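Dropping the structures in below, format is structure tokens.
One chain, chain A, appears in both complexes that follow, with chain B as partner in the first and chain C in the second.
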Partner chain A sequence: MNVDLLTQSPVFVLAIPLLFAFLTPLANKVSKELRNAVFLIGLLLTTLFVSLMAYEVYTMGSWIYVFGAEQPTTGLTTQSFFRITFLADGFSVLAALTIIITALGAGIYSFGHMKESNGLGKFYTLFLLTLAGVNGMVLTSDLFNLFVWFEVTSIASCGLIAYHNDRGESVEAALKYMIISVIAGLLLLFSIGFFYGEYGVLNYFLIRDSMTGSLIDILAIGMVMVILAMKASSVPMHMWAPDAYSEAPEPITPFIAITSLGSLFVLFRLLFFVFRGAVETSAIGSILIILGVLSMFIGVSMALKQSDLKRLIAYLSVSQVGYMMMAVGVGFATLGTGDYGIFGARAMEGGLFHMINDGVYKALLFLSAGGIVYVADTRDLNKLGGLAHHMPYTTFFFIIGGLSIAGIPPLSGFSSKLLIYKSVYLYNPVLAIIALVVSIVTLALIGKIFFNAFLGPDQGVGKKIPRSMILAMSILTIVVVLFSLFPNYVVAEIVVPAIEALGVGA
Partner chain B sequence: MNWFTVFPLIMVVTLIIMGLYVVLFKKNLIKIIMGIALMQNGANLFLVSLAYREGYVAPIWTSAPSADMVLPTPHALTLTSIVIGVATTALMLSFVMMIKKHYGTINSDEVRRCRE
Partner chain C sequence: MIDIVLQDIWSPIIFILVGILVSLIAYMFYLMGNPDYKRTKYKGDPFISGNRPPTDLKELHVGGDNVYWGFTKALRKYLDPLVEGHTGIVNDYVYWFVVTLAVVLVFLYIM
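Showing the complex of A and B:
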């Protein structure tokens, strides 16, 4: 029997990082070079299988991957309704692409940045485990499987946050994140119990088909929304994010941000794909919009008073999550009405395009901030200065990432934000005005970091940036520039299939 | 409503409320983790009690006709969640050990260096 790699690719997207996660400590026993090589091969193979899955989805259409079925494309049958299934469709591909681009950048970056730390065998193990966990979260279409990947992600990423355990702050941030993740996981388990008790099934498709919208459903949906919004670091459940982002090792920070984007992907998948028929879409949409506006506004206002470089970017990242929640919330609120065709679908496009954009440019921003921390050995904006003399490349990468997060044309952040402004304005002009104001404040903050860290008299630094860090940032910069040059292509080829996969294509 | 189906649910609610109380109002980090463990047990009990059907036997294929077994899926889920619970509890306790080493205290009011 021949194995068709294309249709089997979803399982390899998980199996490869899991396998290589446990190969790296073994290779570490032999030599450092072998360990790095094994880790890099694992990352590249995962990228390869994500690309294969993307190719198959875009050429042949989506399929349900049923574990243990004779053929991976047979789909759900009455015999296999209890089996674990993965969904390979446009939305999974959008999420997996976002994750893998960031993971590539962060992984290559960590070669240079972490080379003076010890215990790196375990570092790379946890890195690949987190990658497997997030991939599993976005690919799975089984509620209990979602819980398992959720916990794998939590445990592995908490280990990574506490990696510098010689500093009390890292451990404190990790414990905070861990307590929040565990309580979130418990609530998820409860809502899974509710669904199972009511319908006796765990698969997304079967729950969707049997959902009635009873009181228990509403309770469970509410819990799932709270959990995933909390993991996505949406205000008012954002308090863990700045600590975790700023205390994690620099290469890991974008990766923690990606786990929260992954939760947001799962939230949108569940809302649109599973719960849509059973809930009042306008009410849930309004909740998403309110959470989004709060995140945008409070995130950026908290960022104003920060003097710690990474904390500042962490709060900016909280405010970016608000854009996606608001845009997708507008899409969800207008579902089923005539407005959806007029601007709801545009808002969805803007929101989902912003997710992949945000994953990439935020990673670039965090990594270039990591470069600043690496060279200057401080995160305090008041002590930094004159770094442009020493790190011209990083300065350039920071400008690209910073202008993109502020939504300055022609960078990719502008394309997605423009789609959001235009569509949200038609829903409610106040939302678009708030979004614009937040963008302007973001630009001011990026300017503040730029002037404080890069400009000014040369203060002299001890270290040079390793080449692997430059390479990692250039990969992300190339992706940002590509997204900036061809936004129409990205929206038509990647974002629109994702919206169609959610079953709400215009 | 039968006593055997209601009693576990009362216990579930009790465990969850006790756990939540501890997590929200106690300052000792070890006690907070104990509260989380209580909530985990509540969730596990909830899953097992979902599977219960009165008069049915344990879901072991060789010893029973298939129609008279309690639901096997929640048992599998509970096993998984017990294992995950052990892992998370151990990780959190090791974090608390390190916090004690760095801060000299495990009072959550004094472990506040991250907030500037």
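Showing the complex of A and C:
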């Protein structure tokens, strides 16, 4: 049997982290060096298969991978109602690239940051399980399979948040995350049951072709939308995020944030690809815009009152989710109208470009913050100061990440925000003004962290940043710089194919 | 028609080249400055309304709660209820989820 690695790559994107997740504790029994090697090999192989999938999608086009079919690319047939399918297309690649870049950074960072911790066999297992779960969420095109990966991600993330179980705050944050995830998971299953009860199918394509826009459809779509918005930490359902982000181990924080972004990818996939024909696009678009504006404004407002470094960045993260929801909401609201061609598609470009940007620079920011916590042993901005004397590299990485999240040219955050400002302005100027104001306050808050943590008199520190942490932050910085220097290339080669994969013109 | 294609409105390479050019011009101005300038005891010291700067350097650093103090104080009528709304109680998290779900479902039903 001829096994074409390129065609099989979506399965390996999932199978490799799953396999290595269970190899890691076995390797841990032998030695910690072997455990670290197994974890790193798993991470690098996953990166390789994501790259292969991206190469195949960009050179040969997208394909549906049907599990259990004689040939995996024979596509959907009426006999494959119950076969799980994965969708390898531009949108899956955009999501998978965002996830794997962050995972690679966080994974390498873990070697240095976590080296003095106990139970690392379990830690790396949960890490790879989370990676498998979130990859599965964005690749699958089967609703029940989506639920399975949603649960895998939630359970593994919960374990990671509670990793420092000697700290009451970590356990509390994990408990809150678990309660929220269980409610979200059960309601997701409930809404999937609605679709299955009505149409007898679970596949995205088959549901899309069957949907009639009935009251049951509306109910199920509304529930799926709110569940995924909550998991994406959209205001007013964001409150779990600062708890989880701030209490998770430092290398894990960007990874928990990427699971939120994964939920947002799934939300956009379902809305555009599956539910579009059954709903009033202007209504769904308006909901996305309202949630987006609330997230932007309340996220950044709450960040103003924080003196905990990681909580502050967590609220900024909530605020950034708002940009994506608002921009994609404008795209959705204008679907089927002449405005889509004028500015709706550009808003989509800005929103999706901002997603991959945000995934990377936010990871860089959280890892820089992790470096601060590692060296100074506190997250309290009232106690920090003068770290630039000891951490020149981390200072540089923080500046790159911070200016990017604030949308300062020429960094990548500016490129995506510029697209958002200009396109959203044509939809409603007030939205663009709010987005600009939020960016200004974000810059002020990045200035606050920079001033408090890095500037000021030398207060002395006891630790040096390990090389693996520097390497991880360097990788993310290089990606941010590349996205900053070649935004047009990223939009043309990665973002536009993603929009086209959603079945709407770019 | 307004053009909002990214490659037509933004080029980071040109931005960086202009930045380098402006930096070179600024450096030229710097070179034109007084070459006899010498840093003396008082030049460059912080001026705090004529008061002597604190001798303990740590006292010079403004803590996290005090940065933008005036700004957050002026906005307290907006920020305080917002902070109070973030109770940290998981029941409230679920409450907001249920409320949002209800509002979204009603909105979708009406539309």
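The definition used in the following text is that the second predicted complex is superposed on the first by the 505 of 506 C-alpha atoms of A that agree within 3 Å, B and C clash if a C-alpha of one lies under 4 Å from a C-alpha of the other, contacts with A are read in each partner's own complex, and residues count from 1 in each chain.
Please note the rule applied: contacts are C-beta pairs under 8 Å (C-beta built on N, C-alpha and C of every residue); 3 or more make two chains touch, one makes a residue touch a chain.
On a predicted model such as this, the values are computed, not experimentally measured, just so you know.
Visitor: Quick check on the chain A-based superposition: chain B and chain C, clash or fit?
Guide: They fit: once the shared chain is superposed, the two partners occupy separate space.
Visitor: Could you tell me if A:Leu304 is touching chain B, chain C, both of them or neither one (first, second, both, neither)?
Guide: Touch status of A:Leu304: second partner only.
Visitor: Does chain C touch more residues of chain A than chain B does, or is it the other way round?
Guide: Counted on chain A, the partner with more touching residues turns out to be C.
Visitor: Give one of first, second, both or neither to describe whether A:Gly338 is in contact with chain B, with chain C, with both, or with none.
Guide: A:Gly338 contacts neither chain B nor chain C.
Visitor: Looking at the overlay, does A:Leu426 come into contact with chain B only (first), chain C only (second), both, or neither?
Guide: The second partner, chain C, only.
Visitor: With the two complexes superposed on chain A, say which partner A:Asn488 touches: chain B (first), chain C (second), both, or neither.
Guide: Touch partner of A:Asn488: chain C, not chain B.
Visitor: Given the touch rule stated above, what does A:Gly197 touch, chain B (first), chain C (second), both, or neither?
Guide: The first partner, chain B, only.
Visitor: Which of the two partners, first being chain B and second being chain C, lies in contact with A:Arg346: first, second, both, or neither?
Guide: second
Visitor: What angle, rounded to a multiple of 10°, is defined by the Cα centres of chain B, chain A and chain C, with the middle one as vertex?
Guide: Rounded to the nearest ten degrees, it is 120.
Visitor: Touching A:Ile179, do we find chain B (first), chain C (second), both, or neither?
Guide: Both chain B and chain C are touched by A:Ile179.
Visitor: Of the two partner chains, chain B (first) and chain C (second), which one does A:Ile218 touch, if any: first, second, both, or neither?
Guide: Second partner only.
Visitor: Between chain B (first) and chain C (second), which does A:Gly460 come into contact with in this model arrangement: first, second, both, or neither?
Guide: A:Gly460: touches no partner chain.
Visitor: Using only CA atoms and the superposition described at the top, report the least gap between chain B and chain C in Å.
Guide: Least C-alpha distance after superposition: 5 Å.
Visitor: If you lay the two complexes on top of each other, which residues of chain A touch chain B in one and chain C in the other?
Guide: Common interface on chain A, chain B vs chain C: 175-176, 179, 183, 243.
Visitor: Taking the touch rule as given, give the residues of chain C at its contact with chain A in the complex, in rising order.
Guide: Touching chain A: residues 1-2, 4-7, 9-13, 15-16, 19, 57-58, 60-65, 67-68, 71-72, 75, 78-79, 82-83, 86, 88, 90, 92-94, 96-97, 99-101, 104-105, 107-109, 111 of chain C.
Visitor: Which residues of chain A touch chain C once you look at their complex with the stated criterion?
Guide: On the chain A side, the touching residues are 175-176, 179-180, 183, 215, 218-219, 221-223, 225-226, 229-230, 236-237, 239-240, 243, 279-280, 282-284, 286-287, 298, 301-302, 304-305, 307, 342-343, 346, 349, 380-386, 409-410, 414-415, 418-419, 422-423, 426, 444, 448, 451-452, 455-457, 459, 484-488, 491-492.
Visitor: So in the complex, the part of chain B that touches chain A is made up of which residues?
Guide: Per the stated touch rule, the residues are 23, 29, 32-33, 36, 39-40, 43, 46-47, 50, 71, 73-74, 77, 80-81, 84, 87-88, 91-92, 95-96, 98-99, 102-103, 111, 113-116.
Visitor: Could you list, by residue number, the parts of chain A that touch chain B in their complex?
Guide: 82, 144, 147-148, 151, 154-155, 158-159, 162, 165, 167-169, 171-176, 178-179, 181-183, 185-186, 189-190, 192-193, 196-197, 200, 202, 243, 246-247, 308, 311
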